[in-house]
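Both complexes below contain subunit A, partnered by subunit B and then by subunit C.
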Partner chain A sequence: MPKVTVDGQEIEVPNGATVLQACELAGKEIPRFCYHERLSIAGNCRMCLVEVKPGPPKPQASCALPATEGQEIRTDSEMVKKAREGVMEFLLINHPLDCPICDQGGECDLQDQAMAYGRGASRYHENKRAVTEKYMGPLIKTWMTRCIHCTRCVRFSEEIAGVDEIGALYRGEDMQITTYLEHAAKHELSANVIDLCPVGALTSRPYAFEARPWELSKTWGIDVSDAMGTNIRIDARMREVLRVLPRNNDDVNEEWISDKARWQVDGLTRRRLDKVWIRRGGKLEAASWDEAFAVIAGANAGSSVAAIAGDLLDCETMFAAKKLLGALGSTLIESRQTGMDYPVDNLAAVNFNSTFAGIEEADAILIVGSHIRWEAPLVNVRLRKAIKRGAKVFVVGPHWETTYPAEFLGDDAAVLGDLPSHVADAMSQAERPAIIVGGAGLAAGALDTALSLAGKWNLVRDGWNGFNVLHMAAARMGALMLGFAQKGGLRDLADAKPKVLLSLGADEVNYQQFAGSLKVYIGHHGDKGAHAADVILPASAYTEKAGTYVNTEGRVQMSDKAVFAPGDAREDWTILRALADVFGVSVGFDSFDELRAAMIAEVPALGQEGLASYGALPQPGTGTPKGKIAYPIKDFYLTNPIARASLVMQRCSAELLHGDADFAEAAE
Partner chain B sequence: MGILSKIFTWWDGATVGTSLFSALNGEHVGTDGLGNQYFRAKKGGRGTAEGLERRWVIYNGANDASRVPAEWHGWLHHTYDELPESHLPPPKIWETDYTPNATGTAGAYRPQGALERGGKRAGATGDYEAWTPDA
Partner chain C sequence: MAVRAPHPDTPELRERWGSFTWTDENAAKAKEIVKRYPEGRQRSAVMPLLDLAQRQVGAETNTQGWLPIPVIEFVADYLGMPAIRVLEVASFYTMYNLAPVGRFHVQVCGTTPCMLRGSDDILEACYKRGMKKGHTTEDGLWTLTEVECMGNCATAPMVQINDGNYEDLTPERLDRVLDELAAGRQPKEGTQEPGRHTSEPVGGPTTLKEMVGENHDYRGEW
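Up next, the complex of A and B:
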């Protein structure tokens, strides 16, 4: 623990800290462009110069200088001020003066730091450098003349994303940042470079020239595009969500966000359900709420009502549905739309127990039926960190492009019962072994075998729980905590032949099983569920209602309402409350607060933000895995009704996954 | 204009009293392109409260101040004393004819998106595309 003096203030800093970190600990602000906490140190922007004694009598780059015992650091001397002014002047030599037409304006590091640390006026009269335009795909808009060569984007692609997509050509003043041969950046985290770029060189293409940061209202939310529970900030102007940015949460998403989470919001303005529809004579016709309620009441369902929860739902909606069905005397509720029927008596067996931050510590990882890059791109980032620390990764399932060395053991799930000896040895000898079972693994019936392997390899030990199940639906863990599951899965619902089926945004269900039921779709997008429905009641998307979400590691998080739902659409719980009156039963809540209080009273864990506790792993059952593993996600960009409605996601899918260049040109 | 409407209405042209006053006390100095007639008080007649020469217009049609063209407006409001014909340079060929304010009439300007112009406007924040079963 070296002791250093920063501007006369003596502080103790952790071993291995840099001078820049020491200054931050002392509460001094150090301007910087290239330095980023989560990336390696480059030391090439020179903005963080400070005066350090002992050392050469010149300013030093604090980001790349280790703090050592007895250093005297000054951040407020004349030398430092002049050094910063000089560096800023050099940076501005080749930076265009186009702040008024630049999308970064208002949230630009260069703008802010030029104001705070730059000279008052320019002394430069020569021509500025210009750089030819680059193409980086449908999400990243480039304006490379503005680039100040901090190389954050290059380091992000290499270190975090793990793909060599972005790099630098030429040197010195002629250096240019580009993708290899100007191909689109294809990684599913590629758009994070937009946030990283300290200037306006990389900006958001779908959001180009849409708004200024100061005219947006910012709401804290939770993303629903996967089961990660990514912390997001929803930026809206009036009734429209214009963009989504990540919020820092070291436990969940660190500072990153997947491209789908960032840009599916474009789908919130398309294919919206904004009025009530009733099927009359085989054709959907626009109707009023009263007519729809009359049709539902006319079904005389009694207690023969079932509910399916979709993948994007908040806990409150599901709880309201459960209460409604409970009041009617029905327990037919299910959330696993594709018909999976893994046991849910003990949620520890279907939870990501290592936690996302914890999986970084694992040193041997067996992935069973999960295309992690597509199912949870940010877990993939964590796995990459584990591999960098020396972890070994084995995958059961068809090959996918990993961003780290991994050994594929074949597509057949049966290989789990008969693992090659080097895999078994690696897992049993590891200090912190981990198994990750994905959706495809669950579908292939691998859960029981994985649990018995967990017992055999002693996955749960002091301070370590290596048994993980990775879900893909944002609503899954919340639904399971609320008991939205039947023993036989969706089949139990179909066998019961309910007179009325409430579909809460369920778009992945095969509705032919419910041919005899009055299908009431309560959702926000016209997708598969709406086409199959007999009555459509328009509800709210995740940005349009407050709610509680539980991510796949069992972390309870709450989201706020950013905008209002369009047209006649209502918040989901109000629709369910109105249905209670239609059915003539009491559900015991009249406001959102009452609903949330009732939910917390029944499932106390949902009232506490943070990790829920599910206890110890259960004893494994006797099921054996069989059959080929097939990953459920066929197209990363089009996994939910919002994303499928989004033009940006459609374009990403066509251009990045299917190589359809015409689509790219048509959309220009 | 019939004699009856001349007696009983006031919104088109001059009332009987004003016509009589103009004939007795006014000197007709000119007529503009719209047919509006311009008068000033006879020599020695009563001036305005500010002590200026009294000048007035009798509209050929609706009593709407915006129907006075710019050149006569200047004369009416004592911006200059000479009559427009003699004082102002002849109009250039590229000058369009003066048009009165059309607000409140069928010829009024309607912005893009107004129902009178078809109701089609450019996209704006908050627009969304509603789903229909045919989609």
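Up next, the complex of A and C:
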């Protein structure tokens, strides 16, 4: 623990800290462009120069200088001020003065730091360098003349994403950042380079020229495009969500976000259900709320009502539905839309127990039926870190392109019962072994075998729990905590032949099983559920309501309302509350606060942000895995109704996954 | 510095070079080169391998050789590294040709010492023979490039043609060198100044004179 002096203030810094980190610990601001906490140190922008004694009598780049005992660091001397002004003047030599037409304006590191540390005027009268635009795909807009060669984007794609595709070609003044042969950046985290870029060289293509940052109202939310519970900031202007940015949360998403979470939001204004619809003579017709309620009341359902929860729901909506059905005397509630029926009496068995931060520590990982890159791109980032520390990875399931060395053991789930000896040895001898069972693994009935392997390999040990299930639906863990599950899964609901089926944004259900029911769809997008519905009650998407979400590691997080739902759409819970009046029952809440209080009273864990505790793993059952594993996600960019409605996601899917080149040409 | 860009990646280029692989002789050389580096550091061999590939392309096309995109990808595959990392290296060093060149790649140094010693006249002589910077002559014989310092300042001006340096040039001397090359003969490399051996002072040594004939111990004279 070396002691250093920063501007006369003595502080102790951790071993291995850099001078820049020491200055930050002392509360000093060090300007920087290339240095980033989560990337390797490059030391090529020279903006972080400070004066260090002992050392050569010249300013030194603090980001790449280790802090050592007895250093005397000055960040406020005349030398440092001059050095910063000099570096800034050089950076601005070739940087265009186009802030008024630059999308980074207002949130630009270069702009801010030029104001704070620059000398105010340029003495440069020569020609400026110009660089041609580079095509980087449907999400990243480039303006390479603005590039200051910090190489953050290069380091991100190599170190974090693990897909080496951005590089710096040529040398010196001719240096240019580009993707290989200007191919589109093809991975699920590509748009993070937009946030990383300290200038306006890489900006957002869908958000180009949309708004200035100071026009936007910023709301803290939780993403629902996968079960990660990514912390997001929803930027909206008036009633429209213009973009989504990641929020820092080291436990969940660090500071990354998947491309889908970031850019599915343009789907929030398309294919929306903004009025009430009733199916008459096979055709949907616009109607009023009263007419719709009359149709529902006319079914005389009594207690023959069932509810299916979709993948994007908040806990409050599901709890309201559960209360409503409870008041009617029905327990027919289910959230696993595709008909899965794994046991849920002990949630520890279907939870990501290692936690996302914890899985980085694993040293042997067996993935059972999960295409992690598509099902949870940010877990894949964590796995890469584990592999860099020396972990071995084995995958049971069809081959997918991993971003690290992994051994595929075949796509037949039965291989779990008869693992090759080197796999079994690696797992049983590992210090922190982990199993990750994905949705395809659950569908192939691998849960019981995985649990018994967990017992055999002693996955739960002191300070380590290596048993993980990786879900794909943002609503899944919350639904299971609220008891939104039947023993036989969706089949139980179909067998009960309910007179009224409430579909809460359930778009992945095969509605043919409910042919005899009056199907009431309460949701926000005209997707599969709405196509099958008899009555459509327009509701709110995740940006349009406050709510509680539980991610796949059992982390309870709360999201705020950013904008109002369009047209006649209402917040989901108010619709369910109104239905209680239609059915003539009492559900015991009249406001959102009462609803949330009632929910927390019933499931106290939902009232506390953070990891919920599910206790010990259960004894394994007797199920045996069989059959080929088939990953449920066929198209990463189109997994939910919002993404399917999004033009940006459609374009990503067509161009990046299906190689449709028309989009690339049309964009030029 | 000359403007460089990889030769366009067209279907014709893929057809011509897509099946590029080492000749038997070069395969052995490549193996030997990779072996020079410690286990896990095989990527360090990227520069010698690019050079080897460029020479093989040169042998196949009877030119100095260049690096088509499929060949760059071949080297990337050979070393198990991403193609962009190899392209970064190939585009950084001007000795890797990113576009086709002629039989002889005439690289005229135009940095200050050479310029002061008359590199402008050397370039003029090249232009007179129909060469144009960054282009290959129609007969496919010459490609002209102006380059930065080649480290022959003591014998300026100089040109580098393929693997040989030709120094102490005048337009006439350069013409003689180029004529010889065009005729398929190998002119003398190094300085073209009569009586000069390498880069020693013109007109004989000015220091350490006693060392010319035999080894001389100066220590007693300090």
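Criterion: the second predicted complex is superposed on the first by the 663 of 668 C-alpha atoms of A that agree within 3 Å, B and C clash if a C-alpha of one lies under 4 Å from a C-alpha of the other, contacts with A are read in each partner's own complex, and residues count from 1 in each chain.
Simple rule for what comes next: a contact is a pair of C-beta atoms (placed from the backbone, for glycine too) under 8 Å apart; a residue touches a chain by one contact, two chains touch by 3 or more.
Computed from a predicted model, the values in this text were never measured in an experiment.
Enquirer: Following superposition onto subunit A, is the placement of subunit B relative to subunit C best described as a clash or a fit?
Expert: Overlaying the two structures gives subunit B and subunit C room side by side.
Enquirer: Just checking: does A:566 make contact with subunit B only, subunit C only, both, or neither of them? Give me first, second, both or neither.
Expert: First partner only, subunit B.
Enquirer: For A:284, decide between first (touching subunit B), second (touching subunit C), both and neither.
Expert: first
Enquirer: Could you say whether A:123 touches subunit B, subunit C, both of them, or neither, answering first, second, both or neither?
Expert: neither
Enquirer: Which of the two partners, first being subunit B and second being subunit C, lies in contact with A:164: first, second, both, or neither?
Expert: second
Enquirer: Between subunit B (first) and subunit C (second), which, if any, makes contact with A:172: first, second, both or neither?
Expert: After superposition on chain A, A:172 lies in contact with subunit C alone.
Enquirer: According to the contact criterion defined above, which of subunit B and subunit C contacts more residues of subunit A?
Expert: B
Enquirer: Could you work out the angle between subunit B and subunit C as seen from subunit A, using CA centres and rounding to the nearest 10 degrees?
Expert: 90
Enquirer: Go through the superposed model and pick first if A:269 touches only subunit B, second if only subunit C, both, or neither.
Expert: The answer is first: A:269 touches subunit B but not subunit C.
Enquirer: Between subunit B and subunit C, whom does A:181 touch in the aligned arrangement: first, second, both, or neither?
Expert: second
Enquirer: Report the closest approach of subunit B and subunit C over their C-alpha atoms in the superposed model, as a whole number of Å.
Expert: 40
Enquirer: Along subunit A, where are the residues that touch subunit C in the complex?
Expert: Touch list, subunit A to subunit C: 164-174, 179-181.
Enquirer: What residues on subunit B touch subunit A, complex-wise?
Expert: That would be residues 125-133, 135 of subunit B.
Enquirer: Under the stated contact criterion, what part of subunit C meets subunit A in this complex?
Expert: Touch residues, subunit C against subunit A: 1, 3-4, 6, 9, 69, 81-85, 87-88, 91-92.
Enquirer: Show me the residue ranges of subunit A that touch subunit B in the complex, using the header's touch definition.
Expert: 237-240, 242, 268-275, 277, 283-284, 525-526, 530-531, 566-567
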